[in-house]
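Each of the next two complexes has subunit A plus one more chain, namely subunit B in the first and subunit C in the second.
What follows is the complex of A and B.
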């Protein structure tokens, strides 16, 4: 290192920000783990419980009891966890005692990323060699197409986590292009296991939502329940089969409860969309919100209830029509320095 | 221990690298083929045998001598446990060079060369990093046909270089230039094979000598 002899004091002041995030040495992490275990036993003694069988949940409860905090953000409250969960995983020293680095691509700077590219290219060459062999023997090339609809490639952040080093956008796009090139070859089935490491399943949206089966009441009539919310109104609807199209809200008929035509139209929309206007009876309860919010809440509740009566394709149609989505719009808060959420005070030139 | 290090230096060809290649091997691998007359670099003129139909032909006798010196030097460096870094910027041979380096137990850099790799190593890698003791260039030009930055940086950091110089390259700053073709796959495969064999031979000899010393 160079030693500056005649310079201003400004240059000699250490720039704390420029050194980057701290590197945690192995000895430091080990010490933290020892301190954590000791502290765990002390805590168990303090709480009067057995130090041997003191689990992480007990620790969390004990800390929440000893240090009650009214802070809103859960991550800002006092926390006592194992050091491996607190300190981010970091790369240890990359070279041995004699100074020789462990990895053969160490001097490139991005060793994990370039070794990944090297391996993927090797798989590509393997597949091409296999293809050439098959062509030489006049055998037909396999044409089973991988199902690309249900899977996606790893995102840049997931790749960074996998490699434990920063990956730039260009590098990431190059890697994805190489993978796509590998997958596009006809004999790529050989390296299926390697490619699976970089694929993630994308479950179809509807599969996560479980549509409840129909229930039957004492008379043998099929019915189904649904719940819906809109602004501050929440509603529950029970839709019965073999009905005449009668709709009751909070004990009263809709003509009396919703005098405005718009609200009644909103209630009837799910039935009209499915073409089942005169076929179902509905009994609903609603509270909170205003006239329009209650109508929207009942509409969502009835659409959710109708899912049980209808085929999956029609459910998908309903979802695309927006009948099954919760409307996220709520009243925006007023901001200081303004008259309302958006309206500013009158601007006076002088 | 001193005897281990000083003994190879007394022989002119301790590792017998001459037997690894013959003139015929070089000719079959098309090492003598250079670029066209218009691409010729001024400093490569001493190494060129002649020009046929506008294509330069490299003098294989001189190549033999330079290759022998270079292989001998790499063998000595590998014998003393030095770090050898293979550098090339040719996309065709990037995978081959990386596999060769891995097979020898040495290091390779066939990707984009970041500016301060050698000159700013302590900031880039961390304090206490060990720089390579030898740089081997399978191609001295980068993708824009300019001299590779590593030649200049190695000269700055006093690191010796061995490089295959083609007729359009500048052999000035390279300590052990090897005039020869760097574009044909056959030529580059031959170079990789030769370097791999010398390094493995040197390392084996070192292990044998150490075992013999320990037995005494």
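What follows is the complex of A and C.
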């Protein structure tokens, strides 16, 4: 159990009322780390693995095996991680034995925030001085724009984590404004490294999706595969080039597999959208789900397969048309006290 | 000798003489899909995929009861009857033209998936035969005789058989209207007793038997049996040629949904009509041909994916019909699809703007899978 441990010196804490979150001493943390490593080795022994090369993933798997839990919330399940991840990082005591604080801005209350602002402003002045120098020497100013599209500033929460103290909304916005002002100056490249600390890469949506190139089978015909899911039905589609528009599902023609017009229209949609109705042949396999779900799954699979045949712009059009999005709708759970997911029991007055 | 080339009606006579087998190149694109050749005898591969016109009076005479329901609606809407010339029909016609009438009658079984045009092929052949002057025995749907029968009478002729007066009288009426002149010329060869008082003497025209059947509904099924027997016996003499056209022949050997009064199921042999029809379909007579269609739509107790002769006829039926010439009927070929689409466009049946474009055509082809029935149903709401 954790006990509130006061410091070894005889200094009283300033605010006795709100003691804040429990403070862990360094010795305590060290002891936890030792225990963790020992436990790791014991666990490796138990599982029959090599204690030296027992990684965190192996630990997670072993714990999941030894303590199976049916809880839905992943964070509520038993976990064994390094103490630095479990115990939140905390500020150590900021003043020395004589009561004198270490930092010169301690008495502002938000010392790390103000020190950060101070540093940033110092960099700003630096850049302006450099700029003046260049102007005095009549040298051209460098104008290399940073790529702002792919990056974003730190969020307030991330800033709080970095500074280990609370940051209010106002303070956060002032900090961001200062950073933007710094970046706007033409010679900001000097302080690039400092600014990098406060940027994060945002991967653009499309860049994470890789479009596979076309494959060629024995006859020399180009083909590509795609997979799709919809509400328990999963389908794989192979789309061949130079075709007549024939489609085979699980070995049978679509007229026989989907007697309903609506399902066939769903299959038709990707080809019609790209205007390639009679140009491709398709062979697909589908399982699970019902009639409509299978049709939706094949539609998604064929759209994904068609991406390889088509220009990037058309891929973007398809994405905006919703042909490439997985339909997240699934059957909603029935709740107790109700007849269905939404329907309540018949209300009787008496 | 009966006058063979003699057409049934005056309108048809004009049609025979004046037509040329080549299409007149018209300014409108209409000619691409249509052929002015309305005699099936002159249809060749050139005409494949094209639609030919049957004058409405002929339709009423030749097909009092043969055409599919949707096609009849289409005739009424468009005010003309256009039938597409397709390869299976051409094959059949070639076989018929080359068949030797001294040999026993050859049996042809038209089979195919649902909605591919088997009944229409049969009607095409029936039209050809009636133009040529054959006696056409056309049973529109044998399934009607094995299900949904309201009245079942015990036969007076044989004790264990059951009669169906309603169906028999309906069929006799239609038969009479389509084959008037034959009924006057064919004479009975035996004396038949209807009940206690009425009888038909030897040598009377068959028309009288038919009248008897229509007048006395109780004995209609027996009248049908008599007609069939007479025709069969006299066909090999050569005075006329006989075509037996049965649609849904798999009904003759399947099960029925009918029950006797003691709730025991009726098997097809116990029905007089079915029994006589089976005798007709057996190839122990000569001087004509037997053309039949398999149909899954009306069939009882058969899965909907069955369409081959083996599955639909069952072992009994297959043995009874063996040997036969199978004629498969596929979905529309691209050319046939184009001509059907062009016909709908030209008659302004497709009203949707997109239907006139190339994309619309590709869409229709995809969605219907080139199946004639699907295309017809799709084009309806458009």
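Convention: the second predicted complex is superposed on the first by the 265 of 350 C-alpha atoms of A that agree within 3 Å, B and C clash if a C-alpha of one lies under 4 Å from a C-alpha of the other, contacts with A are read in each partner's own complex, and residues count from 1 in each chain.
One rule holds in what follows: a contact is a pair of C-beta atoms (placed from the backbone, for glycine too) under 8 Å apart; a residue touches a chain by one contact, two chains touch by 3 or more.
Everything quoted here is computed from the prediction, not taken from an experiment.
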| item | value |
| --- | --- |
| More subunit A residues in contact - subunit B or subunit C | B |
| Touching partner for A:64 - first (subunit B), second (subunit C), both, neither | neither |
| A:326 touches, of subunit B and subunit C: first, second, both or neither? | neither |
| Touching partner for A:38 - first (subunit B), second (subunit C), both, neither | neither |
| Touched partner set for A:109, first subunit B, second subunit C, both or neither | first |
| First (subunit B), second (subunit C), both or neither touched by A:254 | second |
| Parts of subunit C lying in touch with subunit A, wherever the complex brings them together | 305, 359, 362-363, 365-367, 369, 371, 374, 378 |
| Subunit B residues touching subunit A - in the complex, by the definition given at the top | 81, 83, 85, 95, 98, 101-102, 105-109, 111, 114, 117, 122, 124-126, 128-130, 132 |
| Complex interface listing, subunit A residues touching subunit C | 245, 253-256, 261, 264-265, 268, 271-272, 275, 277-278 |
| Touching residues on subunit A, where the partner in the complex is subunit B | 1, 23, 93-95, 98-101, 104-110, 114, 118, 121-122, 125 |
